[in-house]
Every structure is written in structure tokens, then in C-alpha cells.
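Two complexes come next, and they have one chain in common, chain A, joined by chain B in the first and chain C in the second.
On to the complex of A and B.
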């Protein structure tokens, strides 16, 4: 006999079944992609005839061979590294700015605070694609003359631009996390002689660790997945643009692209497997219930 | 170890006046309780002393020094919060050491002082734990230790016992009082629990709606309340009030008549007052069945409490008084009785201003 509140509701299985059915096309799509990456030919239907297992695709991917015949090679490790640089860059900037801005929006009184929060919400609703003309103009205007800076600059710019898209939402999220922390923690620190910035770093940040992790992860995924901004501004390739560029190339071997696609999906899958616990995790104790 | 002087403190939050021209002196080494219902401004006053809130007007002095503009960290106060505000990501040792680390005290000194204060509060075996691994009472001790470790001049406590269960509260109450006297530290204690204030404080300031109604020693505010509110806030159950009319030297209380108490005869005559509130404490009256001068009524209910019982007597429709009676005395519902208050302990209030007549 289970407790009332944990007892499964009657007919719950109907809901579960409906959800499962509705998401079937998606699950099937991902499943076929992953299966294909281990197959000689693309697996496009549910018959197992086309599935001839091999790990050759993965070996080829990591050797950077784009076609079975071998001619064209690309350094996929370097591309993955590029992706990682963009993702970590976006994540880092988003986390830093949103924890600072979220704190001040939650805790400090200043002129234009309400307006700023309103604008942040509006900005969040604004699609990144719609901004791209203006963002491109800025890119051209600030483009360095010195050729040796160009690649570095393109990284710098894409990270900044992509982070800017993420920041409004992240700032709101962080403000929400800071709002849940009672003032007493901060007052206690201030009375004990800590400065505001020290309170922020040594008391507040540890208390909202789950929020910071969430924002950092969202930022990471945004950078990792982004296609449009990377395609427009980055001179080098990331996994997203690499797949996009090769998916319709004549020489490309589709199961190989499937392997690259799976690699590209990996962080997202991992994130959704772990995120739930992460977001629910919070501190208890030291403060009354 | 300072004397705190509050001189005309007013604090406004927007249009709301939280503190209204508060003037109060708290002596060196004194244990002062700020007592009031929730929303009365008592915590605001405490935070103003700490420097978290800046008064809208008025000055605060520690001894002779004006600290109104001094930031909290330079006031050398220790504050224990209602929710204790222990840092959950730090172990107990680090929690207590935090104020000293901020002062950049040398490591050996920190270690020595933390151990000292932990020993004094009997938490020296818990230093390696995290706050959430402690019981409520232990967490509370850690919070006090953190406030005391920097050897503050003033200890400020914001309802520190309200999160403890009833039995533990009684125990900590006695201990805290003892600790304050041993350390000889000036303490300001905010509470809404009248029993706590009476039990611990040297003096009590009763606050309502941002104003101090009365300041005095526990005995004084208990037996010589200045306002009906003070009398009705202290004691459990609080003081009884019944409306009375003055007819010469006699008070008419519904169907009963009793003489004006001796201590009030001159005052009533001088003020020429006709309508008063008749107040007496449940312990300062007895219930008799024979014909005596007193307030007549019938037994509405009775609640045995072990050593004694509380009898509720209906004086009129919807007018009740509560009186303690010895155990073993048996009452029946609806029984006709007379409540005879102890004359010396009767307090008369002006019906309009609700102020005790002797303070008018």
C-alpha cells in the first residue's frame, strides 16, 4: 500500500502512452540516426536488412575522412575543438554576466531597473535571425585590417554575439534564483564585515550552484548547437556547420555523416539525462523550512 | 559593552512608517527585550541598530559615539537571525570562523577563538559537520557562536528561539540569559513571545505600530501596565477587561457593584471620569460561591491544567473573564459564582484612550 500522494493516479498509463505515441517520430528519427552511424548503409526503415553493423564510420569520422574512397580529409578533431571553444566561450560569458546582472536586478535598487527587466523579456522574445543584419553590420564595421587577427576575431565575435542572444533569458533565470535566497544570508555577511562583491562570491554563488550550472549548460548547448551565427561569422567550421556543409555534398557517405551527427547530439542527450536532478538539487538546512 | 542611545528614530518605507520617533536608552550590559506583535516594527528597530536599515531621521549613539552613518561592519555588533542564516555550504567551523576571516585574523587566532566559543556553547564536537546535519537547537547555537566569536559590543537577537520546539525553547531561554550575564554584553532581544521577554529581559520595551508604548522592568510592565494593549499582551492568559461605570465611589460592572479600589479613589475623583475599563489578571482573583462583593456571573467553561485550572466566567452575554482556581475544586457549567479580584492588583483604564488612569 502506497501513501496517498505517491500512489499512481488511475489512468496515468493512458497519458504516458499518449505522450510516448506523440513523441514516437522524434524518438524513431534519433534512433535511426544512431543506428545508421554503426551501419554500412543508412537505415531508413524498420527492416533490419539494411543494417550491416560496422564501426568503420566512427573510425573514419575521427580520422577526418569524409568519403569512403578516402580523398577528402578534414580534421574533425579540430572542428570538434572549435565547437567546444565556441560553446565554452558562450557558456562562460553568459554565466558571468547573468550571475552578476541577476544579482543586481534581484538585490539592488537603481534607476531603470524595472524598465531593464521589461526590455530583457522583450529581447528574449526577439528571434536571433531577425537581428542578424544589424549584427552583421557591426561585424563588418569592427572587422580587423590585420589578416592574422581575422580568425581569432571571428571566434571572439561569434562567441560574443551568440552569448548576447542567451543573456536575457539567463539573467531572468538567475534573478529568479537570487530571489529565492533570504536577505538574512546577505545581511549576516555584511554585518560580519564582507563587501557586497564578497557576499556575492562567497555566500550567494554557492547557494545558487544549481542555477549557475543550469545557465552554464544552457549557454554551452546554445554555442554547441548554433548554426546561423556560426555560419555567418565564424571562419572556421564547427560540428553544426560541418554537418550542414557535407550533408548534401556529392562525395559524402551518409552513415559517416550520421556518425558526425551523433557526435554532435551527444552533449544534448547527456544534458537531458542529467539536467533534471541538477535543476532539482538544492540546499536545505541552515535555514528554517 | 556599550550603552545604546536611540534618539528620535523614524524609519519610513515609502509611505509606510515602520518606526515612529523612537527614543530609547539601553544601558551597558543590559538585556533589553523588544516585545510586540508581528508587524509592529520591532525587527526593523533591531536592524536599524545593526545598521542594515538607515533611519529616515534620528540618531543612534553607541556610548557617546554617533554611529548613525557608520556601516554595519564597523559597529561591532553580532546578530542572530530568526532563521539563523547559517551558510549551508560551509562547515560549522567555517561558519563560525567567517567573521574572523573577513577581519583577516591570523589562522592560529581564528582556530583558538572558534574553539573557545564552540566549547562555551557546547558545540565543539560538531565543528566538522554541515549545518543541515545538525538539529535545530545545535544550528541555533552555531548561529549564536558566529555572532559572539568576534567579541561584539552588542548582541542583537531577532526571535532566535521561535524555530525551536517548545521544550528546547525553555532550556535555551535559561541558558541564553545566563550567557549574556556571564559575558557582560549589551543585548537587544526581539520577540513576540511575552513569556520569553518576561523571563529573560532586564527591561522590556513594548512596541506597537512603530511606537514604544512602555519601557520598564518585567514586574513594572506586568503589574503597572500603561496601556490596555500592554496589559492584554503580557501574561497567559492575558489581563481581563470589563467595562465599568463610575457612580460616585462605586463601580457598576453589568449586574454587579464593587467599590472603587483604594489606590484609584483620588484619581477617579480628580479626573471626574465616568466610563472605565476594569482590568485584573487571572491570577489576581478568586472565585467564590457565597455572597461577596465582586463580579457576578456564571461558569461558562473550565480547563484543568494540572496544578490549577482556568475557569471562564460569563459576566454578561459575550463578556467573559478568565480566573485561575485551585485544582480539585469542582465546577458545573452554568453555576452561579462571584469573581472577587484582589483590590490592590486592579488596574483601571480610560475607556477612550485605553491608558491606565494613573498615567493620565
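On to the complex of A and C.
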């Protein structure tokens, strides 16, 4: 008798093939982008003739050049750093607030709890674009008059604004994770004299690591790939706005843009590759009891 | 005693009067230093502003320059850097302890994107102090108060303003007021492959004059395109694609139509001219002279290679093609793609105006001038802005005047294959010695500017290219501008859709015109801004 449920191996290859086939356009798209970044021509027609190997595009990208000849040089490292600051900022704030809020919504009874949960859900229904006029108005009202603070404030504001869009769903997600943890874990801590905040930090958080990672990752991606909020509020450029502003079909050197696009993808791919085991636990939910 | 008191009182009163007079005169002197009158004498004005700034304790003025466009057009921001250096030099030589620093040279490829960024950052005081972009955006920016009205400043510099081509100065105006100075412009010639023409017996001698006189029309283009096709050439005509590039609307003007009614301030759908345009394009496709899917061709892999490899007789392009073909690897006939040499471009291509649609009409070309605009908050990042606003604004204007120096404008024209906006710059382009100095970068330029244009200069500065620019400059006399109307981009998109459908054979030219009318009427805001005039001609024939 088998001690775990297993699928019959017969026909497994059909499932694998179907999944592969369904993912093919995506894989192909990314593969062509990466190959083109190492070519003098865009490899978009699946013709090997188009592939003329070079690392010139990558050299140009790291030199912040927008074209093969001359032009203005951008500080690509600074642009990458800006992107990282926004992404990590959003990720940090979303993770902190959603773990705290998720815990309280899961474990504590207080007035307006249900209403708050409903409102959070409603807030999530609003797309960021729909809120941008109001968010812009608030930006103008709170904008510092002192020019030397403006750059810093624009980072602070874009991180907060972007995080605010992610928080509702993340709170719900974290609440779900806290709900799966048996009360006994918490009680034992409280009986031993620990405060609620200590229980949250030392007992609960380690048990929901996959959830924290998932929320942190989603927050990071939201900040990394955001275009509209970053373009509207941030004074400096991020990789997303840099690439968008330099895609001009007629005269952009597209393989160079492909290299910039690949650079833009790298952290996301690395994040997924290194954290996929933990994420899978996150998706399946639950803990060992 | 009384007398002594009287004397004392009189002295106190006298002291009071003198003191108040002194204080008063001090106030007057301070008022004087917060503004300066522009006289039209550049050095004098720069010195007056510099001294006024210095007397207010300002020793550094920070400005930023925002530009956009193709990679060879970087003088759009470096022109400002160079202007700052030249003004700094004047101050330094005259002992004025003030310096202009350009804190940011922001340059992106997409000019629409740059415009959107300016729109969102200007109200926050975070947009560039100098903004160079298409004239098409000027009315909206002026209407919103986002750019400076320089009419009064320009009055003092009439000698400089008069040197600009007048049509370009008109394009820099909104409601009669001047909101910027032209930076560059271009023409959109009809290129003709000389080798293909020779092969089919098409004599190109005097073709420019024939086009100018309206003797060579689109009927002739069609005739020779068919001949080329019969001789085995792949296509008769290749043209540009997309709605952002207004090349194809030249057909409307070439068939005597119009796109904008100045009296009503509305856009115009000129039905007869649009029908003729669509019909010509449709006929070219039906005869196999023009690819039916040209509107989705790839620029780098299909459009340019087809032209430079001689797979078409005619091409509707832009003046900047001339150097673009020399810098990009489009020519792949010999195996590995490579750029063309200047001698090859000259040997292979003839160029004329966009021919008249029919006999009796006039040829045209189309320009989309770029304008140097000044942020209405220019200088905001500097000390005592509220107090010294007038000085900062006038200094910004003088920088644009300096950035329009003939040599700066000529450098930009030569390296980017745009047309000069000043007559003095046009003269400079024909000066062989100056061209040689530019080729060797033996010019008095900011080191930062030299470093950043070095590669472009090496690949583009050539007597052949300068001759080309000089040759096509006359086209500005025939130029038309796309309407600088906020709803024009929406109408241009509809045109593009209709052309694409007609070319692909999904619609007849007549259906194409009706499609345009329906789409205009379906958008209430657009319908309010567009007049539909005329009817589809019944007995019109195209050879």
C-alpha cells in the first residue's frame, strides 16, 4: 500500500508537454529578448542570419549610452540603484504593515474589524490608475518648498503611494497565513509570559516565512516594475522609465534596448530562482502541526 | 534756551529728512538690481544681469536642460551647455563673479514621452528649465502657462529673430505671442534611386525643377514606378509608417487640400483630397508597386534595407535619412550588413520635393520644427527666486539666444541632418573651412560637448552631407506644418488606421473616407473640433 497519493506515471509526459506548449510563447519571448541583447540585429524572425554575436549592447548599457554613436550618457548604475531603492522600499513597507495588520485581523477582536476587512478588499478593487488624480493632489499639497528635499521626498512619496496599493491584498494574504497557525502555539508563548508583540515576532513570524517571502516578493515586483507612479512622482529615473522613454521604434537601436530589458528582468528571475522552494510552500499554505 | 531747542529740533528734523532720503535711495538701488532691461546688445545685457545677480549675493545659477529625439540630435541639450560656457566666459572676462551650471542634461529618445514627463513635473517645479520639443506641443504648454512668453524679450533682439526663417518663428507662436525659438526643422524629400532610374531610362536631369513647377506629378511617379517593377525591381515606392510621423498627410496638401481652418480654429477632414490620397495609395498596392503591409514593416529590417539596397525606385523619407544610412547597418547586399559611405549615398540617391498630386497643383514638403522653450518657472532652483525671477527669466532667454548662435545651429544641422533654422547657419554649412574645423573638432566648444559629439562628428561630418543640407534648404519655402491642435494626434491615428485598411485591401478608398468620417463623428470631442468639408469626387481619374 502506498503511503502517499501519487499520479499514475502513464500519460505524465502529455501533461508536461501541454505545460511546455502553453509556456512556449512566454519562454520564446524571453529567449529572443536575451539572445537579441547579444546580437547586432534583433532576432525576432527566428532566423539564425539575424544573430550576429556581440557584447557591444551590454557594454553600451553599462556605459549608459542610448545609441551606438555618441549621444548622451546616462548613469545606468544610479538608475538601477533608484529602481532598487523603490522596490526594496515598497517591499519593506508592505511586508511590515501587512504582517502586523494580518496578525491583528486574524487574532484580535476589535470594533470595526469586519468593516475594515471589507474596506481593504474594496480598496484593492481600485486600480492604481484610477486613484492617481487624488494621489497627485496629495503629492502637491505635501510637496516640500525647500528644493533640496524634493528628490528625497519624491522617493519617500512614491514608495508610500505604491506600497499603499499593495497593502490591502497583502494584509488579506497574511491574515490567511496567520489563520492557518493553531492557537496553541500562541497560547504557550503567552502562558510563558511573552507579550503579544513578542509572540508575533518570535513565534508567529518564523512560522509564516513562506507568506512573508511571498508578500515581500510581490511588493518588490510592484516597486520594480511600476511605471505610472514612478513616472508621475519620482524626480529621478528608474529602469522602467528609462527603457520606456528610450523605445522609439524608428531610431532606437533595439538590441541595446533588449540588453536594458534583460538587465531589468535579471533581479526578478534571480529572486524567483532562489526563493521558489519557499514560495511553493507559500502557495500550498499550511504548516506542520 | 528756546533757540537751542529750536536748533536741536531743526537738526533732528534735518537728520530725519536726510536719513529717510538715504534709506529711500538705498531702496531704489535695491529695486534696480532685481531687474534688468534688455537692450539687444548681448554682452551688455549679460553683464547687467550678471552684476545684478552678484549684487544680490548670487554667484552660481543652476539650470537644467531637457531634450529628446534621435541619438544624433544631442545638441538640443548640449547647445544649452555651450551657451552657458559662452556666457560664463563673458562674465569671467569682465570680472563678474557669477557662473551658470547646467545641473542636468536629460535626453530621451521618445519626444512624446519627454512631453508627458514635462507635463507631470512642471507644476511641481521639477521640469527642466529649458525644454526642446516639437512645435506641436507648444500651444498646449503655452495655454497651461507652463512655458514663458518671450515676446517682449524678443522685441529687443529683433536682429537675431529676423535671421530665423519666418515660417519657423510663426510655428513658435501661440495666439500671436512668441513662446520659444526654433531649434531645428526638416524636410521630407522624395528620394529616387539613380541606378534604378538609369536602368529604366528615367532621365533625372532637371527633375527638381520639373517637380517645383508642378510638371512632374504623382501620375508620373506611378508611371515610372510601374516601369521599375516591370524591369524586375521589387517595389516602385516605399514610404514611412505610423501616425506620429506625418509624412503621408503631404498627399492632402499635394492634392490642394487642407488640414486646419485658421478662421474657425478647427481641424479639417478635406474629403476630396483625402479620397485622392487613399486612391493613389490603393492603386499603388493594386499595381504591386507598394507593399500592402507597409504600415507594419520593421524599420531596421525591412523599410531601410529595401531603400538602401535599391529594391525600390521611390521612397518618401526625411532629410535625416541621409546620415542615418551612413551610421546604421542597413545595407546587407554584400553579406554582413554595413552602413553606406557618403559617396554611395550621393551616387545612389536623387531628391526632390513631394510632387504635386495633379498638374496645376504645387509640390510640398512637411516640417515638424523643434522649438527651444523656457519653463515659466525657469531658475526656480536658485536662491531668492521670488525676488530675482525677472533676472533668471531674462538670463534663460539670453541663453536660448546664445544657443541659437549660427555655429551651434550649424553643428546640430550637420551632425543630425536637420535643416538650419537661421540663414547665418545655412551660410556656415557651405563654408568648407568651417566644416574642416568641425570635422577635426577644432572649434571653441565646451570639452563636455566635444567629448559627447566626437563619435557623431566622425561619422557624419562630410562635405557631401553638408552639400545635401544646402541643396534641400530651399524646400523650406514649400513647407507645410501639421496642425498644432490638441486633437490632431487623434485624427492622425484615424488616418493611419484608414490607410492601413485601404492598403491591405480591407476597404476601398471610398470606404476608407467614410471610415474616417464615421470615426470622427463617433468621438464627440473630436467631432466638435473637426469640420468635414467637400465630397468624394465622382469623375476623378488617376492614371
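A few remarks follow.
Please note the rule applied: the second predicted complex is superposed on the first by the 245 of 289 C-alpha atoms of A that agree within 3 Å, B and C clash if a C-alpha of one lies under 4 Å from a C-alpha of the other, contacts with A are read in each partner's own complex, and residues count from 1 in each chain.
The rule we apply is simple: a contact is a pair of C-beta atoms (placed from the backbone, for glycine too) under 8 Å apart; a residue touches a chain by one contact, two chains touch by 3 or more.
Fair warning: this is a prediction, and the values are worked out from it, not measured in the lab.
Of the two partner chains placed by superposition, only chain C is touched by A:52; chain B is not. When the two complexes are overlaid, the chain among chain B and chain C that reaches more residues of chain A is C.
When the shared chain is aligned, chain B comes close enough to touch A:194, but chain C does not.
In the overlay built on the shared chain, the residue A:73 is in contact with chain C alone; chain B does not reach it. In the superposition on chain A, contact of A:146 is made with neither chain B nor chain C.
By the document's definition of touching, of the two partners only chain C reaches A:254; chain B does not.
No residue of chain A lies at the contact with chain B in one complex and also at the contact with chain C in the other.
Only residues 182, 184-185, 187-194, 198, 203, 206-207, 209, 283-288 of chain A touch chain B when the two sit together in their complex. Per the touch definition, chain B reaches chain A in the complex via residues 47, 50-52, 72-73, 77-79, 81-89, 98-99, 102-103, 130-134, 139, 146, 150, 163.
If you check the complex, the residues on chain A that touch chain C are 40-42, 44-45, 50, 52, 66-73, 139-140, 143, 147, 150, 154, 231-232, 235, 244-254. The touching residues of chain C, when paired with chain A in their complex, are 70-72, 74, 77, 105, 107-110, 113-114, 116-117, 120-121, 123-126, 242, 245, 298-301, 324, 327-329, 336-337, 380-381, 452-459.
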